[in-house]
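There are two complexes below, and they share subunit A, which is joined by subunit B in the first and by subunit C in the second.
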Partner chain A sequence: MKPIRRRFPWAFLGKRLVYGALAMLAIAIINFFLLKLAPGDAAEALAGQAGTADPEYIAQLRAQFGLDQPLLSQLWAFLTRLATLDLGYSHVFNERVSTLILSRLPATLMLMGAAILIAVIGGIVFGVTAARYANRWPDRAISFVALLLYGTPPYWIGLMMILIFAVWLGWTPTSGMENVLAFHTGWDRVVDIAHHLILPALAQSIFYLAIYIRLVRAGMLEVLSLDFIRVARAKGISERRLAYRHALRNAVLPLVTVVGTNIGNFLGGAVLTETVFSWPGVGRLMFDAMFQRDLNLLLSILVLSSLFVIVANLIVDLLYAIINPTVELK
Partner chain B sequence: MTTPILAVENLQISVRKKPGLLILRGVSFTVHAGETLAIVGESGCGKSMTSLAIMGLLPDAVERTAGSVRFKGRELPITDNRAMRKVRAVEIGMVFQEPMAALDPLYPVGKQVLEVIEEHEQLPREMAWKRVIDLLTKVDLPNPEALAWSYPHKLSGGQLQRVVIAMALACNPDVLIADEPTTALDVTVQAQIMRLLKRLQRDTGVAIVLITHNLGLVAHTADRVMVMYAGNKAEEAPTRDLFLSPRHPYSRGLLDATPNPERAAAGGGVLREIPGTVPSIADPMPGCRFAPRCPNASDLCRARVPEPTFEGAHGYACFHPVARETLT
Partner chain C sequence: MTKKIQHPPLAMSRRALLMASGAGLAASVLPFGPLSAQPAGTLAMCVTPEPNAMCSAFNTASPVTVVSGKMLEGLLNYDFDVSPIPALATAWEVAEDGLSITFTLRDGVTWHDGEPFTSADVQYTIMEILKVHHPRGRSTLASVTAVETPDPLTAIFRLSQPAPALMYALAGWESPMLPKHVYEGTDVLQNPANNAPVGTGPFVFQTWERGSHIVMAANPNYWGEGEPKLERLVIRIITDPSARAAALDAGELHLAGDGPIPVNQVQRFIDSPDFQVETRGTEMNNSLDMIHTNMRNEHLAKLEVRQALMYAMNRDLMLDVVYYGLAEILDSPIPETLPNFHTSDVPQYDYDPDRANALLDEAGYERDADGMRFGLRLIAPTVGDTYERMGQFLKQNFRDIGIDLELISADIPTFIRSVFGEYDYDLTLYPGSVTADPTIGSQRFWWSEAASPGTPFVNSTGYASEEMDAVLEAAAVEPDPEARRELFVRFQQIAMTDLPILPVARPIYVTIAAANVENFVPGPDGIRAPYGSLAFTG
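Presenting the complex of A and B:
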């Protein structure tokens, strides 16, 4: 009893990596020009912070940052640095850009991962339940709440959640990622971070949770009406096994695709969530970089984000092919 | 006479919450161990509903309003989905019309056969798998060990129908219901599948209920034929009797519309369609539902429903039956 192994799609992977590299190059160039169009630069922002508007000081800073060079040579310098994986130095934050981003990355990944997990698991659990009780009260209740959540702006949900759970009920902290002053270690620290994580993760996931519930419910109902479900029923299979082993696996396929396309949105949503909840992640860093006109840092974050989204999409496509044996990756 | 293995008695099926809309209007028939009963009739006559009712698989939109189904003399709990699970595949197996849509696209076909065995029998994995390979061999699939690991989209319609047949027979049921098992297949494949079913019947002694709208398929495979029309049983007879001397005008019409080499040789080979169509279940008709299309219809037919009349094993429900004849 040995299954036949499918060959790993090396050709597909190679092709997608080439496309991905080209897409990143395009993203880097387009964003470079877009950001240059915005008024102000880091030199002005720094000088402003230092409390002067002395043109000589600003010119000196510009020369130091390379901002006095022609636009095209600035672009070339940026691209060559990217290619050598050297993101340069942030004069605004007095730190290497790579160190800066890496120190913030875990917080963002944790928030995103938790939000995606909540949306996907909740979507499946509630979607399947709604479908199994289609048009009876559990379905009506779930579908109503999902519609409500779908129609509410996410930032409003975030603020309301802070108000209710953190301010009124006092169940969770209002902001931050951990209680630094408590000097928790080990398991206590994990619990502390989870405690801080729950509100922002929920707030960020709720819109997608609503979409995924509806998607899974519709998918389940469609699959449950297919011929092979009746054939399986004629085999004496239990309704439970029918729902989870046959219907769900088929119904989850469109969900996988949608989650893949939503990964970029989750990352984008992180900026907003991190700001509302003072979550010390890349989103907040990006927000700060924007205000300080640290365009190199901002560009680096944008390009790395696109890299992340491209890789995540590739992984989702591979995953899809694993769940669905009928697709061939070419 | 021995107890029939399957006995459907006065089965009535209506659209749920609309008891006036009758899909089956009180149908009775029996199936004996090891025989083949064919159920024929134009589409929409209620053949599939009959088979689904026996399996307890009626769609939610309809319900049984009267009658019963007995298996080996014991009444089946056809409205209890949970209780019917022990009947399905174990006592009665079923094969459906669309082999291309009959299997879950995400599992290898062998696993789907295995699923039946694991559901109903406590067998070690390896023995169950051996039985899967055995079954796939018995339904004439080439290279069964490798084929068991193929996904449905890699197989042809004929191969898929063989897998479905293997699945239906995996737990050695006493009855196999085949609802238009060859309608979706090529003509050459149709003949192969019918031969396969007959061979499996010889080997296992399973009784077959063969549902089809194709009378030509029935002549060489069925022991008895039941003709259905618009939710009623029109006629029932041993196959030879029905083909030689149909008594119900509807059966006669079906035969006249079926290509038949013997008749052609005897000079009566002109194919004639039955004019008109099957009446809708919503059509209120006090009399025989075939009357509007019937050449023999009288005022009596339009006023009253004919009761079945039996001459030995040959029964029909008609006031003005076709005269007994030898081949014209």
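Presenting the complex of A and C:
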């Protein structure tokens, strides 16, 4: 068979980037108005936290935050800041918005990356195993546990994991990203952070793990019944090699699609996981920004998140072509 | 919960390790007495939610005051009777006519950057910072017209009228003194020192990892004898109450205050030998749960209806069911924790649903087919789960007298906009602080002139009484303590007669510490204290 040769899909990439930019603009504008619908503004929220404040103080805050400007000029100011990549200063958090987000981004990416990795690898291993032993006890056990995990709220799972693994067994820390009393540096710090990462990453991955197991199992069962597998088996290829080498490659495409669409969900799920485990990521920053009505910060996070999701989906689409060369990018 | 806290704390063992590895060296460089005189140990406490800044001169949100108060100090501290004691000022004298206060400042105090602390800093902080930018400062310091500085260690406040409440607002966490040389000539609101304070306090700012923790180190030049006792203080941000309880259990957290864990878990900590639970430390704050009515509502405009609501509340049962015993029932709007002002000589409203029903019958409210007379909405902010339980409880109590209560819970900005901006509510329940002085904390809820649409936590009820206004205005400027007490007694009597606001309870916010921590509630400001004396025992 002649190998399929193709050039790099520049046209595809260009089209997708233009669509992505338009989507981000729409997201920025729609969210701006959506968030403006929420009652109360940052000045009131800040004055409310302070316990007491007089009307002049609130007026002074509003002027300082630019909230006394007309709605459309606030939107225009936000869009021009976005276009010039200058996200401005958060008066609520007393810090530059870019500094705020960039300082919290690594924590969230680390958590997300670990959770996706656990969900994908776990999904493949357990899914393939379940398919190989279809309707026998390993399959029944895996499917039952997957169903259980699918139906349990992640928030509750997180708290239970803290109780069991951190408080009762003492295997992991209860919360936080590092041992703040130890002042580790270098490799000690890396190990320490990895140790802290275990529970939150597991908690966040569990729901998706359950979905991926079922997805891979179904895909595998379908592929395993195809003729080329029968031929391969007749040629005497081992069952393990058959499953992972021949069948999986074909069965995994739906998984890649779902992971791609789930990336946004992982980002959203980070809010809960980061709250339960006091993980210093963007999810909690977003949550705090919402409750303090720091609209500029919140919008900046939302737009950056959408950028992230768009880019991630683009990468997934490019991955298709690598996993299955018969897929054509248009 | 079988795992016990492991002590000594980590940093202690680190220190021990260092000492062991260099024992000979240590012995030769430290010939002057035992090591215990040196600051030792790293203590982890937590605040919630995460502070937005490190300096409480511009933002007095609760977590900011906790953090700020360790690094920045005020002119005064307070003892458990809420009487002033020396801090940066060693002596003070209020003039006979109440129109000036002379502070003698502590000698030899330096800022964390080495510059001397002088009366010029006091003058600058009061006049240029607190009077202009402090959320409460504009009103508490309203009568201060000038601060004179005859010499570097004397600051004289000149007042346009006597301001007896002022003496209760000078703690470090409330009115911190800031270094003039750092702030003068800068954009003070965006000064980097707001996130990395230069103060005179026992702890020096080191790092702030947003979302995770704040590290402070002992101030080697602190004026307090033998203080601070800790080498480092780490303030962790742990967002979930159950996670805070778990962190305490696991020994990752040594101290947490302001009611840090779910109330139904507090008893477990009280019973545990590994922890100490302290109920004092809120005497400077005195946060009260009160139901503020909206007297613009046609039903609530009637006194009989407000009295009926008061009689309908079974507050003894509420104490157990809603607060798990961690509260005191209020019989007036000034709690017993302020003995200089509190009185019980006011109209009392013990649980009496028959009386409540009779009052509503008299007022002409017939029950309909469902046994209901009319409906009311109760809006509460989503802070903790206490208000949710309270709403359910009140719904039952009020149903007994034929009032159908609809519960609304809203996040804080929504709550503020509805209650204080648009007056779109019937009843509202939220914590409001009396602070250490009713002129600062109470007046705003009852004084007709405090009402101002859009301003949170002031008179929202629409209540306006000439007699009440006159009493509050007189109390604000009465220099004689006895005469002032009489005015506040009168205030409580009018309040409990007119009932624009229904006092419910004073929740007790506990402070929890590991068994080997001492001086964690050294004064009436609880975890807001400077913590120079905070230490590990043994």
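Criterion: the second predicted complex is superposed on the first by the 320 of 330 C-alpha atoms of A that agree within 3 Å, B and C clash if a C-alpha of one lies under 4 Å from a C-alpha of the other, contacts with A are read in each partner's own complex, and residues count from 1 in each chain.
The definition used in the following text is that a contact is a pair of C-beta atoms (placed from the backbone, for glycine too) under 8 Å apart; a residue touches a chain by one contact, two chains touch by 3 or more.
All of these numbers come straight from a predicted model, not from anything done at the bench.
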{"item": "Superposed partners subunit B and subunit C on subunit A - clash or fit", "value": "fit"}
{"item": "First, second, both or neither for A:265, with subunit B first and subunit C second", "value": "neither"}
{"item": "Touched partner set for A:174, first subunit B, second subunit C, both or neither", "value": "second"}
{"item": "First, second, both or neither for A:100, with subunit B first and subunit C second", "value": "second"}
{"item": "Subunit B versus subunit C as contact partner of A:73, first or second or both or neither", "value": "neither"}
{"item": "Contacts of A:250 with subunit B and subunit C, given as first, second, both or neither", "value": "first"}
{"item": "Superposition-derived comparison: subunit B or subunit C, residues of subunit A touched", "value": "C"}
{"item": "First, second, both or neither for A:236, with subunit B first and subunit C second", "value": "first"}
{"item": "Which superposed partner A:325 touches (first subunit B, second subunit C, both, neither)", "value": "first"}
{"item": "Minimum Cα separation, subunit C to subunit B, after superposition on A (Å)", "value": "46"}
{"item": "Subunit C-facing residues of subunit A, complex", "value": "38-41, 44-58, 64, 89, 91-95, 100, 103-104, 107, 159, 162-163, 166-170, 173-182, 274-281, 284-285, 288, 291-293"}
{"item": "Residues of subunit C touching subunit A in the complex", "value": "1-3, 9-11, 14, 42, 44, 49-50, 52-53, 59-62, 135-136, 138-139, 189-190, 194-195, 209-213, 215, 234, 236-240, 242-243, 246-247, 249-250, 252, 410-418, 421, 433, 444, 452, 454-458"}
{"item": "Subunit A residues within the subunit B interface of the complex", "value": "1-4, 226-228, 230-239, 246, 249-250, 323-326"}
{"item": "Residues of subunit B touching subunit A in the complex", "value": "55, 57, 81, 84-90, 93-94, 96, 98, 101-106, 108, 112, 115-116, 119-120, 125-126, 129, 146, 149, 151, 153, 164, 167-168"}
